[in-house]
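Below you'll find the structure, written out as structure tokens, and then a few comments.
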Amino acid sequence: MKVLYFAWVRERVGRETEEIAVPEGVTTVADLAAFLKGRGEGYARAFENPRVVRAALDRRHAKPDTPLAGAREVAFFPPMTGG
Amino acid sequence: MKVLYFAWVRERVGRETEEIAVPEGVTTVADLAAFLKGRGEGYARAFENPRVVRAALDRRHAKPDTPLAGAREVAFFPPMTGG
Amino acid sequence: MFTVRIQSEDFDAAAEAAALTRGRTDVGAVVTFTGLCRAQDATGGAPLIALTLEHYPGMAEEEIRRLIEEAGTRWPLLGATVIHRYGRMVPGDNIVLVVTTSSHRGAAFAAAEFLMDWLKTRAPFWKLEEREDASSWVAAKDTDDEAAERWG
Amino acid sequence: MFTVRIQSEDFDAAAEAAALTRGRTDVGAVVTFTGLCRAQDATGGAPLIALTLEHYPGMAEEEIRRLIEEAGTRWPLLGATVIHRYGRMVPGDNIVLVVTTSSHRGAAFAAAEFLMDWLKTRAPFWKLEEREDASSWVAAKDTDDEAAERWG
């Protein structure tokens, strides 16, 4: 699965994008965030407060309990500040 | 006192403006409208339904019971339809 | 920076908006409203050929200036421009322009809408419609009174 | 006539508005909203030198298109154009443009305001502020969430 990071999530993780092999048992957006949080210091800082990290699945806003099933691209980012 | 008429009030009265000597006892906008209504057929048609004729005193919106006292210019017109 | 103009000529919305932002770094929001002459109203009937807008010279400008000043007391406006045309207009022509600027979008939107609602019911302009079958004065709309009244 | 563009170049609000009205006689109301980069926010602090807008390519356009389509189901829009810039902007620069057209002003105003409120909370853009003393990501505002939520 392709994972993208934006803004300070990107800065903390230290990369813009990567391919992740999603392990068995990781079925929701929240599961994936928790899994990523364990991948190292940068990830731990990016996901330290999961409530402030938003996600999109295949370019649509997703909630923590949204199932990953079938998605090809997931993105994590802070609350949006455009406009 | 200078009196101005606009839109269909002007068309019915048959003139844009005139000088009126306000008679004793005519003290409010409604009094003046009633006085004008008696000045002939065109005036009678212009003021036949006084509720739909609006007025301004010295270029400010006025109500039927607004006193004429001191005003130099009064205007009568239909509800506005600009914008 | 409050400007009111009553004119027969057309206006340039972009130039008016630019005049309110040029050289400034405090404007965060510009709202412009342009009202145009339409060929067909909601009720159907014969298409409109033209509108002729009559106005009360002097009072039109003064009344709109009072409305802008009222808007300025209600919202933190940085600028406002209102231009209202008079004379004969055909479908597609511009009739009225409102531009408002503020640091924040809420104030700019609210003030522009407030100005349009009150212009409709308080600015001394009257529309004469010319259609294929007849000419007639446009009747004031209850919906315009209601739109204005919601501002309290 | 719904158009979305995500671009680094500046935009021309007047040209975009003209594109939605040209050759038509059914448009009665055009509302344009322009959001600009400001030097100073309400909290004071060091003046802003620049904003850098990061976005999620692809999703930004798709999400804004979904918002316009939602607006089109809520109000009788004749057209809508949204342009959102990305990259580095200095105070006074344009950031975002919304243009809406309708037969009547209420729909054009409401749709433009709806689009701006939802853009702020749903369009995948993030602002990095560059000030004399530091650079920092702009935090989302509760007031923006509240503005969006009032549309239900």
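Structural remarks
By written order: A, B, C and D. Residues from 1 in each chain.
Note that a residue touches a chain if its C-beta (ideal position, glycine included) is under 8 Å from a C-beta of that chain, and two chains touch if they have at least 3 such contacts.
What you are looking at is a predicted structure, and each value in this text was computed from that prediction instead of being measured.
Touching chain A and chain C together: D. The mean-CA centres of chain A and chain B are about 71 angstrom from one another, to the nearest whole unit.
The distance from the centre of chain B to the centre of chain C, each centre being the mean of the chain's C-alpha atoms, comes to 26 Å. Centre to centre, using the average C-alpha position, chain B and chain D are separated by 48 Å.
The set of chain C residues touching two or more other chains comprises 35, 116.
For chain A, the set of residues touching two or more other chains is empty. Of all possible chain pairs, those that touch are A-D, B-C, C-D.
Interface of chain C with chain D (complex): residues 12-14, 17, 21, 23-40, 42, 91-92, 103, 105-106, 108-109, 112-113, 116, 147.
Residues 35, 53-56, 58-60, 62-63, 84, 95-96, 116, 119-128, 137-141, 144 of chain D are the ones touching chain A in the complex. Those residues of chain A lying in contact with chain D across their complex are 4, 6-8, 56, 59-61, 75, 77-83.
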